[in-house]
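Look at the two complexes coming up: subunit A is in both, with subunit B in one and subunit C in the other.
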Partner chain A sequence: MKHIANPLPILDGHEKASGQLAFAADMKIAGLLHTKLVFSTVAHARIKEISIEKALGIPGVAGIFHHGNTPDNTYNSTIWFEDQEAPQDEQMFPRTVRHVGDRVAAVVAQTQEIADHAAGLITVEYEVLPAVFDVVSTEKTCMENAGSDEVSIFEKPVLEATFDYGNYRAAFDNAELIVEDRITTPKTHHCAIENHICIAMPQDDGRILIMSPCQSIFAVKFVAAKAMGVPASSLRVVKTPIGGSFGGKAEPVLDPLCAYFAKTLGQPVSICFNRNEVFTATRTRSKAIGHIKTAVDQLGRILARDSDILIDVGAYCTGGIFLPDSMAQRLCRLYDIKNQRYRGRSFYTNTPPAGAYRGYGSPQIHAMSEINLDHTARRLRMDPVEFRMKNLIHPNSVDPVMGLEVGNSRIRDCVEQGSSHFNWRRRWSASGKGNRFRRGVGMACATHINGCFPGFHEATTVTLLLREDGCIDLTCALHDLGCGSNTVIAQIVAEVLDILPGQIEFSEVDTDICDYDLGTRASRMTYIAGEAARRTAMGLKEQILLAASLMLNCAVGNLVMEEGKVSGNCEPGRCVSLGDLALHESVRGKLLTTTQTYRATANPGSYAAHFAEVEVDILTGAVKVLDYLAVHDLGRAINPQLVESQIHGGIQMGLGYALFENVDIDPDSGCMNADRFSRYHLVNAPEMPPVEILLIEKGEPTGPYGAKAVGEIATIPAAPAIVNAVNHALDTNLTELPLTPERIVDACRIP
Partner chain B sequence: MTGIARTASPETIGETSAIVAGFTGSIAYIAGGTDLIIALEQGFRPDMIVDISRMEALNFVEINFKHVRIGAATPVSALTKLNELHKGIAALSQAAEQFGSAQIRNRATLGGNIASAKPAGDLLPVLMCLDCHIEVLCRDGSTKKLALDEVVTDSGTTSLDNGDLITAINLPLQLGDNPISAFGKIGRRRELTIARLNLTVLADYQTETSLARDIRIVAGAIGPVPLRLKCVEQELRGRKVDQTFADDFLGALTGAVDAAIPGRYSQTYKRQAVMGLGLDVLQSLFGREFSLPACLRGMT
Partner chain C sequence: MNFLKQDNLLITEPALKQEPIVLQINGVEYRDYTTATKTLSQFLRETAGLTGVKTGCNEGECGACTVLVDNKPVNSCLILAFQAEGRQIITIEGLLGADGTLSPLQQAFLDYGAVQCGYCTPGMILAAEGLLREIPNPDDREIRRALAGNICRCSGFLNIIKAVKSVASQTDTPVVA
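Right, the complex of A and B next:
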């Protein structure tokens, strides 16, 4: 192996670090108009009147848009193919606003300053309606409304998913110990460095070109077409370099508006959100409340589990239809539980909408189940590692709900090797009592998916073309969100063809050029797109060898492809470089190119176990994470450096989820209290513990070179590991995330 | 940026006076800009912005046995080493060290922290505790000297008139023979964090007898302006520094929090957290360990 397992720096790293890469906000476009949105200041209201006259009178204002002069098509921004079914509850500018930060109007003007100024002159008269900010209230109302046809979709559950296997009732009846918890996870925000932005402009051919940092150009195309009420063929979408997303840019929020403004005004238009707008008017991670009940015997075998989850999707459904199912999927791929019941329900509230966010339900459900399992271990007076080892699944298990094989799942190796490496037993036994600063250790396990199989269109199409300079053009709708997926794919292609990763040139991600693709979601880049690239490269290699065999007059079996050339052993010294071979073929009217579509046939689990040691100040409630070990079963690390970066970033995010992050919706007004970085606290560098990483590389048969995903799972076990460590340190059972100093001090209250 | 009619960038006090003397519109001074730039982004529009960052006469530290005098445009990062010169102002250095981030410390200035008058401004309680005098240059060219509580009157509000420029801060170092001081704060994070509570203690400490002959205590972020805790001072003044001293100190701090923010949501948190902060500050001040407060010793 030359390029697999090579810690290659990210391919566009230098361009980014030196500021040469142009992000959407850097693009200079002649005649570009700028936009300022007017947002709802109330959580739920019918708009009685919008007064725009003053704003219209400002010189430089090109147009003002609101519900009275824009299409009222309903849509759902979560879809990624044209006829995908999803509740259609969003509108460009709804007549009834549903959360503080909902869209009321937009001013498009020659400069941002004019747009800002004019937007400030628009006045809105609301007829305020009752608003609900907590999902428990919505659930209650929905139950009361059940059966009534009179209520709107917002007063009904978004979706309910259930499963029930074995005989959980009998198991609970006979259990020696049942441990029950109510665990809540907060509404959090992605905080990508690049704010949301979109540019749209009319093309000469009459179509509208949309350029935006997105996770799927096809999702943008279909969502915008639906919202605008135009054929998707009248739109073209090009992805711009993306400055981080974490799911926040998976759903096109600005694109439909921007494209409509450009089409109406016949001029290029941009919408560029500021940080505050990104917080309040894009997407969040859904808040969830879980009741988890686990039945065990005295030996620590899990007999049964019952999970009932309420999911707060906020004001619009978006991906809320998927959350109950995706949470369910994660619950039956980690522990061998013979009897299990699950009910997951998502409901609306008048808060900013939830959407995709790294892990898509996994951080919530694993936080709940892992905190409850630790509680169970405490009640059993059993080492939580020992308890988990009695119950974790073995490789090649089949999940009892979907019937899918989990693949070469190495979670047991993660826990075994991790606990030994971390000196778990010794640290766990050491008691931190008697001091102001209490030490504790915690650990948590997690699993996550690899792609959408067996769901919608889980396939990727890659085209490779050998150029006359020996480089390879790779055409595919690959959306590298900044974590280096393109680098990994270049390494895979380079490995097959024995060229350098830098010799692979990626096409524009453009709906005019690329075949349909789901985009970057569901941890599918390395496992699906990587395998598609590997197979296509194998196909190209075959063609190259066939052409070289004719040119060198040597049987394919006697050819060697090495370091950018093909040599044969028929005539010693005779060889041809890949570039010359391409030239040789092209003058004969042939291109060395192949297009292949890879359809996934499996969805193995990625696995991880995280271990943390914390020190808690019982007086101030401050938690210091002293030490951290992340053990990941990822089949094989194509690029260990990028894997490490993903894990470090995942831990940073998970620590925030455990200790700091919460957008904090005001229970009276529905306003977001933590709508800026001075109030929304991310884990910063001084707060990070030393992190050690251990990789379990035992190969996944269906993954490219044995690889599976790490991007999303990296963050999933972090929060429960920290919470479990704090509970170990304090001998408490804190279950409401984040564990703020107030909550910790409450638990250590001076009598 | 639209709507700023005038800007000026004087290099001397004289030039500044000449610029502002006849100007009748609103004047904002900018030094580091760590607060003003944000205010401008949010729509604040003074009629004139005067950049004082190039005035060397505002960027200095003078120190002798009797006092320390610091130029108003001295960056916070320049204050972090002052404790090496005089332990009486160790609190100022400690506060400077924990101020914002490295980038903010390099830009933000002592005078700016006073003029912004933020309830959580970390330097303000220290300046009050050290009994500072603030030198102000008025628009008509006259000067005045004011105490901190005469300048900072409410959250975000000062008594300064339009065009008044803070030029220097005087710290008298006059608390007895052996003034020592310490500062501590509680934020959400260890660095780049706004204080939820901070505490400054200045003591005249007789090492041989372990007596705190005099003591001044100021808390920040429990009210719109820094709060001098005179009742805590009274209880401790002249006492021997031992575990009972620490217990009484922490108990009195809790009482002071209860009195300052009764019924406030944060009261239940801060009344306990202030003990942790108090312990940290005591240990830093006297260079020795103290045990958990008596009321906590039973719960372990």
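Right, the complex of A and C next:
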């Protein structure tokens, strides 16, 4: 292997480190108009009147948009193919606003200053309606409304997913011990450093071109078309470089509006959110409340589990229809539990909408499960590692919900090797003592998916073309979110063709050039797109060898393709460079190119176990993470350096989820308290602990060179590992995330 | 910019045209005759066209807009452009060699996997560059403190710290001013 397992720096690193990569906000577009949105200041209200006269009188204002002059088509911003079913509850500008930060109007003007100024002159009269900020209240109302046809969709559950297998009742009846917890995970924010932005402009051919940092150009196209009420063919979408997303830019929030403004005004328009707007008017991670009940026998075998999860999707459904099932799917692929019942329900509240966010339900459900299991181990007086080892699944298990094989799942290796490497037993037995500063260790396991199979058109189409300079053009709607997925794809293609990764040139991600693709979601880049690229490269290699065989007059079996050329052993020294071969073919009217579509046939699990040691200051409630080990079963690391960076970043996000991060909706007003960086604390450089990484590379048969995903799972076990460590240090059972200093001090208070 | 918020009173550009703002950026002089209320980050991005300067929060929390002002890292969103008059300003573009080669610190960010999406990178590199100009061989704690005002959401900071350390250890001899 020349390029697989090579810690190659990301291919676009030079442009990034030199500041030369042009993000959407850096693009110079002649005649570009700027937008300022007017947002609802109340959590739930009917708009009685919008006064725009003063704003219209400001020189430089090009247009003012609101519910009275925009399409009232309903849509769901989560869809990524045209006929995808999802509750359509969003509108460009709703007549009834449903959260503080909902869209009321927009001013488009010659400069941002003029737009900001004019937007401040718009006044809105509201007829305030009752608002609900906690999902428990919504659940109660929905239960009361059950069966009534009179209520709106917002007063009904978004979705209920259930499963039930084995005989959990009997198992609970016969259990030695039942441990029950109510665990809550907070509403959090992605905090990509690039704010949300969109640019749209009319093209000469009458279509509207949308350019934005997105996770799926086709999702943008179909969502915008639906919202605008225009054929999707009248829109063209191009992805711009993306300054971080983590799911936050998966759903097109600004694109439908921006495209409509550009179409109406016949001029290029941009919408560039500021940080506060990104917090309050885009997407969040859903808040969830779980009741988990685990039944065990004396030996620590899990007999049965009952999980009841309430998911707060916020003001609009978006992907809230998928969450209950997603959580169920991930919950059942980690432990071998013979009897299990699950009920996951998502409900609306009058808070900013939830949406995709790294892990899509996994961080919530695994935090709940892992915190409860640690509690169970404590009650059994059993080492949590030993307890988990008694119950973790084995390779090639079949998940009881979807009936899919989990693949070469190596979670047992993760826990075994990790606990030994971390000196778990010694540290676990030693900690807890101390006066003001208490030390503890915690660990947690997790699993996540690899792609969308068996649903949602899980396929990727890649086109490769050998150019006359020996480089390869790769055409595919690959949305590198900044973590270097294109570099990984290039390494895979380079490995097959034995050229340099830098010789692979990626096409623009443009709906006019690329075949349909789901985009970057569901941990599908390396596993699905990587395999698609590998297979296409194999196809191109076949063509190259065939052409070279004719040119060199040598049987394919006697040809060797290496280092950018093909040589045959029929005539010593006779060889042709790939570039010359392409030239030779092109003058004969033949291009060396192939297009292949790879349809996924499996959805194996990626696995991880994280171990942490913390020191808790019981006087201030501050938690310091002293040491950290992340063990990942990722099949094979195509690029160990990028894998390392993904894991580090995942831990940064997970520590925040455990300890600080919460957008914190005010229970009286519905306003977001932590609505900017100065009020929303993230783990920064001084707080980041030393991290050691151990990779379990035993190969996934269906993955490219044995690889599977790491990006999303990197963050999933981090929060429960930290919470478990704090509970170990303090001998508490804290279950409400994040473990803020206030909560910790409260728990340590002597009654 | 409170005066912009007054009803129907948007101060028009000619009214604001007074003395030009003159800034020395990466050794080049830039002049701007427009508003005196421009922040340094706006001046750098809009007037000077140096879009390597990013903005992420406009409240001095994320550090994406960090530039060097007289060798010290400054959140360029928090000061007005005219406040930087007479100072030497360096942006990410100013670290590049004449032939476009990366500076040792920029190269180290690349080599150590300290660059992911690239949005925080220019500010992060300049925060580190400011540290190295003040303390040529900082320890781990000094590096972490120097980067405390810069948020990276992709990388978890550890490879950034490693990259800075790698350059620090190369410059054992103090830089002669």
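Rule of thumb we're sticking to: the second predicted complex is superposed on the first by the 748 of 751 C-alpha atoms of A that agree within 3 Å, B and C clash if a C-alpha of one lies under 4 Å from a C-alpha of the other, contacts with A are read in each partner's own complex, and residues count from 1 in each chain.
Everything below uses one rule, namely that a residue touches a chain if its C-beta (ideal position, glycine included) is under 8 Å from a C-beta of that chain, and two chains touch if they have at least 3 such contacts.
Treat the numbers as computed from the prediction; the structure is a model and nothing was measured.
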Of the two partner chains, subunit B (first) and subunit C (second), which one does A:Pro741 touch, if any: first, second, both, or neither?
first
According to the stated criteria, A:Arg436 is in contact with first (subunit B), second (subunit C), both, or neither; which is it?
first
First, second, both or neither for A:Gly484, with subunit B first and subunit C second:
second
Comparing subunit C with subunit B, which touches more residues belonging to subunit A?
C
Is A:Ala622 contacted by the first partner subunit B, the second partner subunit C, both or neither?
first
Tell me the contact category for A:Gly650 with respect to subunit B and subunit C: first, second, both or neither.
second
With the two complexes superposed on chain A, say which partner A:Phe506 touches: subunit B (first), subunit C (second), both, or neither.
neither
May I ask you to decide whether A:Arg749 touches subunit B, subunit C, both, or neither, giving the answer as first, second, both or neither?
first
After the superposition on A, what does A:Glu113 contact: first (subunit B), second (subunit C), both or neither?
both
Taking the superposition on A as described, I'd like to know which of subunit B and subunit C A:Asn684 touches: first, second, both or neither.
both
State which residues of subunit A lie in both footprints, the one left by subunit B and the one left by subunit C.
113, 117, 678, 684, 686
Of all residues in subunit B, which touch subunit A in the complex?
2, 186, 188-194, 266, 268-269, 272-273, 275-277, 279, 292, 295-296, 298-300
Spell out the part of subunit A that touches subunit C in their complex, as residue ranges.
7, 9-10, 12-23, 25-26, 54, 57-59, 113-114, 116-117, 120-121, 190-195, 241-244, 246, 274-275, 481-484, 641-642, 644-645, 647-653, 676-678, 682, 684-686, 688, 690-691
Which bits of subunit A are touching subunit B when the two form their complex?
113, 117, 433-436, 617-622, 624, 660, 678, 681, 683-684, 686-687, 741-742, 745-746, 748-751
Mind pulling up the subunit C residues that touch subunit A in the complex?
1, 4-5, 7-8, 10, 12, 45, 50-59, 61-62, 64, 91-93, 95-96, 100, 102, 106-107, 109-111, 113, 115-122, 125, 141, 143-145, 147-148, 150-161
